[in-house]
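Here chain A shows up in two complexes: once beside chain B, once beside chain C.
The block that comes next holds the complex of A and B.
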């Protein structure tokens, strides 16, 4: 079997040059999605009327829609509505200036928020009810209780799942190439099409992503160990 | 510019999409069947394959889980024919469906292997010893005692993996397969950019409905499964 190994080696730095784009998409959608997800989790934890119902439907729909569909909805749908709005107020179409990357980050953030909200909700639910009572018995407000007692514990419980979501985001960011974002996958596809060396390029790409995931898994496992040290002491 | 959301178009497009539902279900079932076999083999080797095979199985599982699905699909779809021609098997074109199904099966087998492994490990060791003490052989103990309990344990996580697989098959369109997502993309291309939101909301809702029904079925099975499964 003849694999063009020189071509494989040459393609590694070219693909890795797009690593910042992949990282940008995964990190930003994790941050934005994480914040939105935390907010949704709190709304649902306190069972705020109407909003609780609304976000229940939101979470169910987002988790039931394939990510690719969400990406297309953001990429095709948002410009459509932005353009409609611009026409109605009589200004130039703003959507033309928005790069595909922004739609990708938007779609991945929305997607992540639904999963993160479930992670935080189950983490909060797993805490003993007695803690809330204890806090109110010493006169803490419900905000203080959440900020100082419940949330720190929920965070620790949530970390392994959040790490999995983040690793999932890195792999999911490959879909962005379908809306012409040049992250690592997009660069790989361009390279492969140019030279017809599909097998070589896709082996290299697969290995790069796999190594990235394994490496990050190791790093995060270390962090988890540190974060959960407090449990051992008790 | 027209309406925000055309309900009548939305209503029209749903039956057209549903006509491709058998294709989606076929891909899911075939990938799941092969994925379960591969996953079972990988899990079995991982648990008791000896030092070498267990390492290889661990690598296989980690690789299938660590590689993005789209990269795996492209690798299989473009790589397999190239590999075959290297080996001297020339074919004008390799059929699309088997390659797509193979890539989904490989991907899902990594997740299923982990589901099965943790389900197996969560069965208490004393169960094996008890089976042994009443004179069962290792195989009998596995088939009659361990396996039924492991299946019950595995149900929730395997269910999640299947739901993930269903949504992942939406990527098959990128290789030209006409499942429901492929149909949506075709309709969208024919429309020259009109009513895109309706089309993709419709296709999303179909996936959502399929997953919703499956989740309900799994919930029922789980409740029943509290009583360990009886084989024969």
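The block that comes next holds the complex of A and C.
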């Protein structure tokens, strides 16, 4: 089978035009999911009654569901409840004005939060208890201990895993085309549909995502190096 | 003055402290000796509220606390009046040498940054680390780390500093530098309780020596009383074992 190389080259700039959408989904779901995940990790670290158990179930469910199912649940399920709510308070159906992109970001954020919470929890657990005791021994409150000593170190310990999650998110964001979000994959598939050049398009998208990930890996590796300087013996 | 009375502590079925009394006058240096497992560390940890005693009272100055029922607020109050130097120094890995010392001053005592820095530098110079302010703990030797730990405790100007075997995790060639810093601090009449296995050192610097075994204070007195004229059989045995080990090493 001959590949249509001209088509492949021509498709690259068109697909890249949708890079901002892919970036938007990945970055915002990482930020929102990261914050929520951190909150969950803290709740579980301090074993706050009720909430601790609640989020244990949450994390287990989210990690057990296929991401696609979460995406569909958000896209088809949420509008139903939003409608119900709108009707009950007598306002116009809001859901139909919400762009699919928002549901995608929502679903990916929720998904990310479960994984991030586990990353932070194990990072916090990995810190030796000596430093915590040293904080107590000089009269730091548990909040001060968390803010000045534990969290900064846990953040650094978590960087490699967070980077993996983020790269995973970029690739997972391709699923968003299933709910008609025009991110890179969505655009690529539309291109291919015209003349059935699926093979060409999949090769091009694979290379684009791969290059994107390699580039980001480099950037983040440098970042991690900077932040973990305190661990290095010189 | 700090005084603890009738401290009891159990771990599951193991009775580690069985009614310990200890009094430290202002400016006094007290050494606690005793075989491994006799409860020395546990006693210090109970005083510092790192461990909750099953029974016992404590007085610091004119304030009284229950070691068992102290509230969170009282615990913080005690922890702010006491400081601990750990066997493993437990320095804050993400903070520089300077920050390790200033953090207690700025965060806990709410001192402003410039003052905290001045105080911290003074104590770090005292322990001989004035030139390592911006190093991180991982970049220091064990002895240097331990000296930062001592500066961190000193800077807080606590009513008492509790040392738990500050040299026993160190390589032999580093023990000397840490002991000499502690000796220097002792000479300034800072109130200290030191758990140590360094007998000669304890004899030199202490105003009072306490011998513990099996969760109780067996005997206490001046260094001369304990080292030259011990009254209790268990103290004699303990010291004898140490002399033998000491001679074997020589």
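Definition applied: the second predicted complex is superposed on the first by the 231 of 234 C-alpha atoms of A that agree within 3 Å, B and C clash if a C-alpha of one lies under 4 Å from a C-alpha of the other, contacts with A are read in each partner's own complex, and residues count from 1 in each chain.
Heads up, the rule we're going with is that a contact is a pair of C-beta atoms (placed from the backbone, for glycine too) under 8 Å apart; a residue touches a chain by one contact, two chains touch by 3 or more.
Computed from a prediction, not measured in an experiment: that's the story for all the values here.
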{"item": "Partner with the higher number of touched chain A residues, chain C or chain B", "value": "B"}
{"item": "Contacts of A:136 with chain B and chain C, given as first, second, both or neither", "value": "second"}
{"item": "Which of chain B and chain C A:153 touches, first, second, both or neither", "value": "second"}
{"item": "Which of chain B and chain C A:66 touches, first, second, both or neither", "value": "first"}
{"item": "Contacts of A:126 with chain B and chain C, given as first, second, both or neither", "value": "neither"}
{"item": "Common interface positions of chain A, toward chain B and toward chain C", "value": "none"}
{"item": "Touching residues (chain side chain A, partner chain B) in the complex", "value": "1-2, 60-61, 63-70, 72-73, 76-77, 80-81, 83-84, 87-88, 170-172, 174-175, 177-178, 185, 188-189, 192, 198-199, 202-203, 205-206, 209-214"}
{"item": "Contact set on chain B toward chain A in their complex", "value": "1, 4, 62-63, 65-72, 74-75, 78-79, 82-83, 86-87, 167-168, 170-171, 173-174, 181, 184, 188, 193, 196-197, 200-201, 203-205, 207-209, 211-212"}
{"item": "Touch list for chain A against partner chain C, complex", "value": "128, 130-131, 133-134, 136-141, 144, 148-149, 152-153, 156, 229-234"}
{"item": "In the complex, chain C residues that touch chain A", "value": "48-50, 76-77, 79-80, 82-84, 86, 88, 90-95, 103-104, 107-108, 136-139, 152-153, 156"}
